[in-house]
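Two complexes, one shared chain (chain A), two partners (chain B, chain C).
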Partner chain A sequence: MRARQFDWIRMVAIVFSVLTVATVCGIFLFLLAGSVEAWRHEGFSFLAKNHWAYRKQFFEAAAMIYGTAAVALIAIVLAVPIGLSTAIFSSEICGERSRLVLKFLVELLAGVPSVVYGLLGVLFLRNWMQTLYEKGNLEVYSGDTLLTAGVLLAIMVLPTLSTLFDDAFRSVGSKYRDAARGLGLTRAETTFQVILPQALPGLVGALLLSFGRALGETIAVFLVVGRADNRFPKLGGVLHSLVDAGQTITSKLGGAETNIAVGDKLHTSALLGLALVLFVVVVGLTLIADVVRSRLSSETVA
Partner chain B sequence: MRRLTDRIFTLLCGLGAFIALGIILTVLGLVVFRGAPAISLRFFTEQVRSVGAEGGIFYQLVGTLILIATAAVIAVPLAAGVGIYHQLYVHTPRSRRAMDAVLHALNGIPSIVFGLVGLAFFVQMLGMKKSWLAGGILLAVMILPTVTVAFIERMRAIPKVTIEAAYGLGLRRPQIALSILFPQAVSGLVTGTLLGLARAAGETAPIMFTAVIFAGATMPKGVVDSPVLALPYHIFVLAQDSFDPSMTQKMWGSAVVLLMLVMGLSLIALPLRLKIHEEARRV
Partner chain C sequence: MNLSKVTSQIAIGIMAFGAVSVSAASLRINGSTTVNPVAAEAAEILRAEKKADITVDTQGGSSGGIAGVGDSSIDIGMSSKPIAQDDRAKYPKVNFVETKIGHDAVAMVVSADVYNGGVHFLTKSQIKDIYEGRITNWKQVGGRNERIVFLNKEPGRGTWEVFAKYLYGDPKTAPEVNHPEVGGNEETRSKVISTRGSMSQLSSAWAENNPKIKALGLKLDSGQVVTPTAANIANGSYPMSRPLFFITNGSPTGEARNFIDFVLTPRGQELVKKHGYLRLSDLSRPAKEAAQPIAKPAAKVVPRKTGR
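What follows is the complex of A and B.
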């Protein structure tokens, strides 16, 4: 028998895999360790209170968390109806060939870099929104608002959302579709009573993934959100806050403060704390979506 | 009544798809329509002048190419290793799923987090200056999941019998890796890389603090201290404060070039991808 050769491929594969795992854990630990000082300085009010003024060493980020959530929610609320109907159209109504064409176009849209969306936002959407506000007699100073960022973000998550929705519908075996149609159900009935319930985990997963994507988007939001600090509305002022300038976690991190903070330990640590919050929420959503979606595939196989 | 409901349903879905289509065409149309007049041969070969209002985008393009080439050089071997490990050496479904989760988590990390961590790690901790290397590494880490998953999917599409026959013939795992998995799944690696690079080329957030500056860089001379210019960052800076019409035109021109680069990369990947998709479904 030949002596067992040294399996260098295995060696390299292991090293690279460990490196990958270490990178993910490393980023998390790095953010955690880097932000300790801010957590110690602010405690829970880092998340719960609203006062961000780095010169006076106040790092209370509630307004940014609100802005991030508001912008992403607007995006999802606007994008879901269009994304869902597009996905139903492509997977249940039109033929295979047009489905591929539609899917191709949608993925083309998905490939557009966020800075290009940002540019469209700056040069078109912002003005359109301002005109809209003026027509609605709203007291608004510019078109840079949370709503503007939400609308732009809706366009950006639309491709992801509709492609993932389409995948979810397609993962339901065509035998169910054929059987339902054979029993005389209409397309609408087939979709709602047969396909939708089975595709639900996939749809929920798609929703969570897109929501996470929307929370973490930086460049386009940065350019149209107005970047005004400490706008945290009271309950009655929520609607008005949407047509006002705001700040998201990402627009803060992408802004000038990141460079200003260099050399200031507490300030840097507060920014790393914001990144940690973003990391935990977005990666958490991604992993939950993963679990939900894997339930889908194991059920349809069974 | 049922017929009517069905009609309305079809109509609504059609309407949704129509709106989506409208958005796609508007977005692409606006960029191309606005940017096309700025494009000429000189736009590609000249340096930028008067803070972006005149000249071309030669070094922005060079910088972006340097960044994505670096990312590819780093990400491809990593992805190959991780993919092979996933497909060949991991046996329990549980550990496979754990590895998938790590890849998905990595894929989920917002790009600005890479930028911030990159700044804190490369610049503040390691004492590097802004450099193309830091940017390349960050972009490589970012696209690693895309490349790896595409490679794994392609390996999955290899018929089971082929692998079993190889084991039956007494091939060892490294031999299987070299003689079956790599040759048959290399297209997955290529597709994944192209898609990853398409994404990397358009990213601004990971490189803005770590690798690029707005003006004054040409070809990088050093490794850890040479920043580059880059297209997305160029557009980003111009977009923030420009109301000069000539600058607007240059800005759109840059956007068109970036769009062409990104779409070109993903279009090359498309035929390969469709093929993989169909084969994966058949299995």
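What follows is the complex of A and C.
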């Protein structure tokens, strides 16, 4: 063994990873400290009750939390079947060369800035949705609805979702495919009974990551969600609420109130509280996704 | 994809809107989308002729402009509402100076189907009833049987404040409503055009020259119907009108001064007219004080309030 030299590369790497971690922790602490006043003012009702009216100092955000969750769930529910089919096609059916071309094109889609999707949403999707609602005789207000935002988000997370799904399928070793085919299983049987169970942890992880992305997406949602406050449905009204205007945490933070709140401590703190809720949920989801992916895959591959 | 990459993306996502873009330009202008077309074109001319280094942005509307001057992130704020006592209280160290550059009206605009369905004007109390949700169908005000989609200008916009002041005297006493909201003039116009049965508040200049969006008249208590035409705004008979301002911290100096002076010259005032607003010289009453090329900005000095 050689004498230990001072390892610059190692040092630089450590410094930058500490910096990254510190940034994340710093944001968390900043949001936490900044929102203390709102938590003190509202307590648990900040999350559980529904009345947001900054002029009267009501900061109860349930409707926005509901809107955020609803939009992201719609996006995932719509995107998963398509993403799964695309991934099965690209990883199990396509040849290697066409797979790379397909994957390249899909990843190109993932790189389209979200404002572009947002503009397409404003120009086309919201009008299509409104026409659709009217054809279905739904008594709706306009094309700006939670469902519209969900559909737009589904299109946006689809590339990420299908490329991560594809990675999950490809991470299953080819020995399983060979063995399955050797046993005389058909391609469908191989895919659904051998590969899919093996890839499951990766798929779940991909799903959670995409869900996190959908929760945090701002501008595209902002443009088509309607930005109507305090629309928190009763249990029977959930379905109708999806075809009505709503508000998400991101559309609130992207709106006018961040400017109005300047100088107003409580209002600012309530907005930072919203950011904290979003931050904790998304970071939490990402952590769970990483744990699921690493733990389950080590179980199955071994 | 690793954790840090994802979380940093999220952090950027959270902050993407809150942050006003930082630029190295020597003259930074931000604020009202109503004032923007004038400022943007003036900036273009000065860039070409004087090699001036100017950025014009519209983050957050008039409030964004006022806040930007307040925290010194910009040099000139564009505003379609005067500085309020609240603004001075928020930034006690800042000496807000308003320079009036033109005049505009807020119109109640509707999509063409509403107008063609027979609604050409509304009374103040009808507008209140629609705003507060007591009237929800156009047939209640003489139109077709169609639900009313009220797209509310978001709070903090100069347009909304003029509207609320007209209906309720003081914007602070406006009732709490939960309509879908729209932001800048571009968004308001495109959403009204594309939503059947919709109505919103919009700078009247932005409702001209497009057959798909119509400005309604206001029926006054006297029974007279006034529409937001240049003549009615100029003689003061159309009630929802407002001055357009450049806001600076103290009297404008240097680059900011050059820019504002340019907009106040006859050539700059032509830009105000070109974009559908009234020039200072078009106004019958306050015109005289501001008609000549300005040596001193027509600032309104309001005693500064300390504390809240």
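Rule of thumb we're sticking to: the second predicted complex is superposed on the first by the 278 of 302 C-alpha atoms of A that agree within 3 Å, B and C clash if a C-alpha of one lies under 4 Å from a C-alpha of the other, contacts with A are read in each partner's own complex, and residues count from 1 in each chain.
Convention: contacts are C-beta pairs under 8 Å (C-beta built on N, C-alpha and C of every residue); 3 or more make two chains touch, one makes a residue touch a chain.
Just so it is clear, the model here is predicted, and its values are computed rather than measured.
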**OP:** Give one word, clash or fit, describing how chain B and chain C relate on chain A after superposing.
**Re:** clash
Subject >> Partner chain in contact with A:G254 - chain B first, chain C second, else both or neither >> reply: both
**OP:** Identify the partner contact of A:N230: answer first if only chain B is touched, second if only chain C is, both if each is, neither if none is.
**Re:** second
Original post:
Once the shared chain is lined up, is A:V238 touching chain B (first), chain C (second), both, or neither of them?
Top reply: neither
Original post:
Touching A:N127 in the superposition: chain B (first), chain C (second), both, neither?
Top reply: second
Original post:
In the superposed arrangement, does A:R55 touch chain B (first), chain C (second), both or neither?
Top reply: second
**OP:** In the three-chain superposition, say which chain, chain B or chain C, touches more residues of chain A.
**Re:** B
**OP:** Give one of first, second, both or neither to describe whether A:L158 is in contact with chain B, with chain C, with both, or with none.
**Re:** first
**OP:** Considering only the touch criterion stated at the top, classify A:E139 as touching first (chain B), second (chain C), both, or neither.
**Re:** second
Original post:
Is A:G212 touching the first partner chain B, the second partner chain C, both, or neither of them?
Top reply: both
**OP:** Tell me which partner A:L102 touches in the superposition: chain B (first), chain C (second), both or neither.
**Re:** first
Subject >> Shared contact residues on chain A - chain B and chain C >> reply: 17, 20-21, 23-24, 27, 122, 209, 212, 216-219, 223, 250, 253-254, 258-259, 262, 275, 278-279, 282-283, 286-287, 290
**OP:** Would you tell me which residues of chain A are touching chain B in their complex?
**Re:** 5, 7-10, 12-17, 19-21, 23-24, 27, 30-31, 34, 81-86, 88-90, 92-94, 100, 102, 104-109, 111-120, 122-124, 155, 158, 162, 186-189, 191, 209, 212, 215-219, 223, 250, 253-254, 258-259, 262, 268, 271-272, 275, 278-279, 282-283, 285-287, 290, 294
Original post:
Residues of chain B touching chain A in their complex?
Top reply: 2-3, 5-6, 8-10, 12-17, 19-21, 23-24, 27-28, 30-31, 77-78, 80-82, 84-86, 88-89, 97, 99-117, 119-121, 123-124, 141, 144, 172-174, 177-178, 198-199, 201-205, 208-209, 232-233, 235-236, 239-240, 248, 251-252, 255, 258-259, 262-263, 266, 270, 274
Original post:
Can you list the residues on chain C that touch chain A in the complex?
Top reply: 1, 3-4, 6-11, 13-14, 16-18, 59-61, 63-64, 67, 70-71, 89-91, 147, 149, 151, 154-157, 172, 176, 178-183, 187, 190-191, 194-196, 198
Original post:
Mind pulling up the chain A residues that touch chain C in the complex?
Top reply: 17, 20-21, 23-24, 27, 53, 55-56, 122, 126-127, 130, 139, 141-144, 164, 209, 212-213, 216-219, 222-223, 226-231, 245, 250, 253-260, 262-264, 275, 278-279, 282-283, 286-287, 290
